[in-house]
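What follows is a pair of complexes built around chain A, which joins chain B in one and chain C in the other.
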Partner chain A sequence: MGVQTGEIKATVKDYILDEFLPGEDPEALTDDTPLITGGILDSIATVKLVGFLEERFGVQFSAHEMSADYLDTLDDIAGIVSSKM
Partner chain B sequence: MDFTLTQDQKVFRNEIIRFAKKELNDGVIERDRKQEFPHDLWLKCGEMGLQGLPVPEEYGGVGLDPLSTALALEALGYGCEDGGLAFSICAHLLACVVPIWKHGNDEQKAKYLPKLANGSMIAVNAMSEPGSGSDAYAMKTRAVKDGDGYRINGTKIWSTNGPVADLAVVYAVTDAEKGYYGGITIFLVEKDTPGFSPGQKFEKMGLRTSPIGEIVLEDVWVPDSAMLGELGAGTLIFTQSMEWERVCIGAMHCGTMNRLMDKAIKYARRRESFGQKISKYQAVSHKIVDMKIRLEAARLLAYKAATRLDKARDVAIDASMTKVFISEALVQTALDTVQIFGGNGFTTDYQVERTLRDSIGGKIYSGTNEVQRNILAKWLGL
Partner chain C sequence: MHRLDHLVERSAARLPGHVAVEDPSRATAITYAALNAITDRIRDHLRALGVQPGDRVGIYAPKSIGTVASLFGILKAGAAYVPVDPGAPPARNAFIFKDCSVRAVLVDRKKVEGLRGEYEGQELREVAALDDLLPYGADLALLSVPPQPMAGPPVDTDNLSYILYTSGSTGKPKGVMHTHASALSFIDWCSTVFEPTPEDKFSSHAPFHFDLSILDIYVPLKHGATLVLIGESLGKQPAQLAQVIAETGITAWYSTPSILRLLVEFGKMETHDYSALRIVNFAGEVFPVKHLRALTKIWPHPRYFNLYGPTETNVCTYYAVDLPVPEDRTEPYPIGWACSGDECMVADFDYREVAPGAEGELLVTGGSVMRGYWNLPERNAQAFHVGEDGKRWYKTGDVVRDGGGGCYVFVGRRDRMVKRRGYRVELGEIESALYKHPAVTEAAVVALPDEQNGVLIKAFMNWMDDSKPSLIRLKQFCAKNLPLYMIPDRFSFLDTLPKTSTDKIDYQRLKTLP
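== the complex of A and B ==
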């Protein structure tokens, strides 16, 4: 599970840097950087991210999971994705 | 993608067009003038199944897939000259019935869907507020936990069917800190609930037979069982209902554009000016050709988006493109039709100026076209 979570985190980090933080220092995006509450992901970016997660990892999100409770950090995202795999 | 209509789709489309032409158009000029909602015609539409097109048959609906639903609404847009009535049906079906069908529990579906599908119950989507239209999540309406239920306070505006509704799909903030992300919840509120009342009814430039107004919620208490979906699921349910609305109203507008184009062709082939039919003037024929091009492009956008409803996470993008393109195409087609009709088009009797007035709202409701373009720009990473 540890390795799998690490791979998920790395994949999601690359995606977020490429899509939503172009040109930013990758070091600045850590496992606990607040993405939603910190303003990096707005509503459209969150939908786009969830679309990416569903397609890339073959998982499905339900309505209530599109929230900061589940998607606010790379740790959160890796956790919920791995729990669905 | 192959959008060749099946035999069933053709038959149902033709049936709806025949029904609409025969039953829905008499007296529409007068109704428009008086801003009168035709409740009797609403019920006839219910008998045709229009208010429950995609709802499973076990709940009294027709059980159509999303594309067939769009095609049926296109037929309504073609046959029905009463744009307000058609709009009321769409608002009821797409923003209220669809969310209940998709997210209601068995008890809610059994209680509401059969009556909503046959038109004996009218629903209103209570989302927009005086300070938040397209910026919907800046809403002030609050639902606070109170015993075995929630107490709701707030005022909604632009609520289509609000003045005549039996059931409201009410969006309220249940967690202000979470806001958009899990802080919005939906409650189903019946009209007789103490504290619930329709407020002011608005007078409008178009869609005048569709009653649109305020909804006032004053210390309205509803039990936990009135919650639609889960606590905090309002955002995604609303997003999904707007996808249905943007796509399927777009499909209905395809029907309206087709009707306007047919009227323009018929008029241009009969009207003479300077010794020949005006259809022979390129200034006229090119306008009509452009109507045809817009119509075919609009259909492809709407049909493609309809096939992706509930399947693709990014259907929101198809829905926004469909909404922007078709609403603007409809306004242009309606403007050109009035221009081709000349002075006659400017009068109420020829029934094209009303469609022009009706069309303007399409660029505003379901999220303004400016907001749709913002969504698309963000999606493109701009």
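== the complex of A and C ==
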């Protein structure tokens, strides 16, 4: 489980850096950096992220999960993805 | 009839030996008597070559006592002057002169060949060298220009005083026509508010093709005060400029906020004595409050005025800033109350007045509004809304709201508002939020069409620290100060933001930058 969330986090982190934070120092994005409440992911970006998670990890999200309550940090994201796998 | 050229004649009769214009860059000055005599001779040269009332005459030269004399000589001949940016390419300036078919041009000798090259097959004959301007550092030639064919209906040139060309969104400059009456409506209002006396010294920082020059030139000369010319290169060197303002004893300053910000940052102003300064006017763009606050700490004693108005209206609203500027204030000051004999209205897209306090486009009618654009009948029809009572309202394109009792608050440009994810986004509001960051010295935001998201918002900033900030930190800062849908998609850092020839941020150029 621990190894798995670590891999999920690394994959998601790379995706977010590439897609939404081009040029950012990877170290600046930590496991608890607020993504949605911190202004990094807006509503469209959140939808794109969920699309990526669904395709990459073969999981399904319901509409109510696409919010800061479930997806605000890399920790949150790894947690919800691994619970669905 | 009330005319601009009478202002200098009257002051010359009253105060012949008083200094009318001072040029610190060339260490020269001219009295009212001498200025009046030279302008008479320029008028006579123009008449001799056949210039008639209603004709247009171009001025293509750097700022000097000679260019001040030239524009009064042109006015005395009954013609309208057309000043162009001496640093602009000859092709652009020739376009302007051809567009309004100038009868003659007063041109800096170094620019003659370039201009001739743009009039292929037509002779620009030199009819006089204006030698009596040489002692004042101006080497001007008077060229006669053959008439150009003009399409469209005839233009009403009666009592035109000047035509200022502003860059149009279509890329072709358009000529804003003012009459003696529309200029004086503004100048006479300035008299009542600024109460100039012959002891005053007014700055002339703006170039003469920029509308700030109307206050600069005519208000002091009307009252027998002294005009202090700030030449093109001095105007861009804050340390020297700060020294000149102090040493010449300027009492009334007028410029864009950009210049004042540069003075604060690089002027070493604490080393100079500015006790003569009693008025600071600014206009042309929003003054970010943090920079205004910094300025008022260095210059605590003058009165500060925010003057608002597009070239098309002269200054049509004004706001006197109360000092001190509160430490926690971040919202820019209002543009204020109607002035210059004008009336304002806030209107919806159908040009009906909105409810008090609601946002809408600012429309202006009254004494200081332009006659129209030169030879652009369709643009003129679009530029004005004609009310049921026949009043012509100029549509400023600026969105404002009445903050109470007719004190207008600027919200943004109509064309700087974009829809994003269904929300209305005012780009200026994003800029105001970025300015709250202590390391941001300049900020400008543009919106570009984007296939994926509809619109892409890019922020350009000048960042005070050497190291670029973390994008995450920056987004977090924005999230604290803006709704999430207003956070820029991209951030770029520049040493200095590109400026137009009139020292405003050049948004068109920013849109082309990566």
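Basically, the second predicted complex is superposed on the first by the 85 of 85 C-alpha atoms of A that agree within 3 Å, B and C clash if a C-alpha of one lies under 4 Å from a C-alpha of the other, contacts with A are read in each partner's own complex, and residues count from 1 in each chain.
What we mean here is this: a contact is a pair of C-beta atoms (placed from the backbone, for glycine too) under 8 Å apart; a residue touches a chain by one contact, two chains touch by 3 or more.
Keep in mind it's a predicted model, so treat the numbers as computed, not measured.
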item: Which of chain B and chain C A:G58 touches, first, second, both or neither; value: neither
item: Per-residue touch tally on chain A - higher for chain B or for chain C; value: B
item: Touching partner for A:T46 - first (chain B), second (chain C), both, neither; value: first
item: Chain B versus chain C as contact partner of A:P34, first or second or both or neither; value: second
item: Chain B versus chain C as contact partner of A:P26, first or second or both or neither; value: neither
item: First, second, both or neither for A:G6, with chain B first and chain C second; value: neither
item: Which superposed partner A:D69 touches (first chain B, second chain C, both, neither); value: first
item: Overlapping contact positions on chain A, where the chain C interface meets the chain B interface; value: 36, 42-44
item: Contact footprint of chain A on chain C as seen in their complex; value: 421, 453, 470-473, 475-476, 478-479, 482, 484-485, 487
item: Chain B to chain A touching residues, read off their complex; value: 103, 137, 178, 180-182, 229-233, 235-237, 239, 313-314, 316, 375, 378-379, 381
item: Residues of chain A that touch chain B when the two form their complex; value: 19, 22, 36, 42-48, 50-51, 54-55, 62-64, 66-69
item: Complex contacts: residues of chain A adjacent to chain C; value: 21, 23-25, 28-29, 33-34, 36-40, 42-44
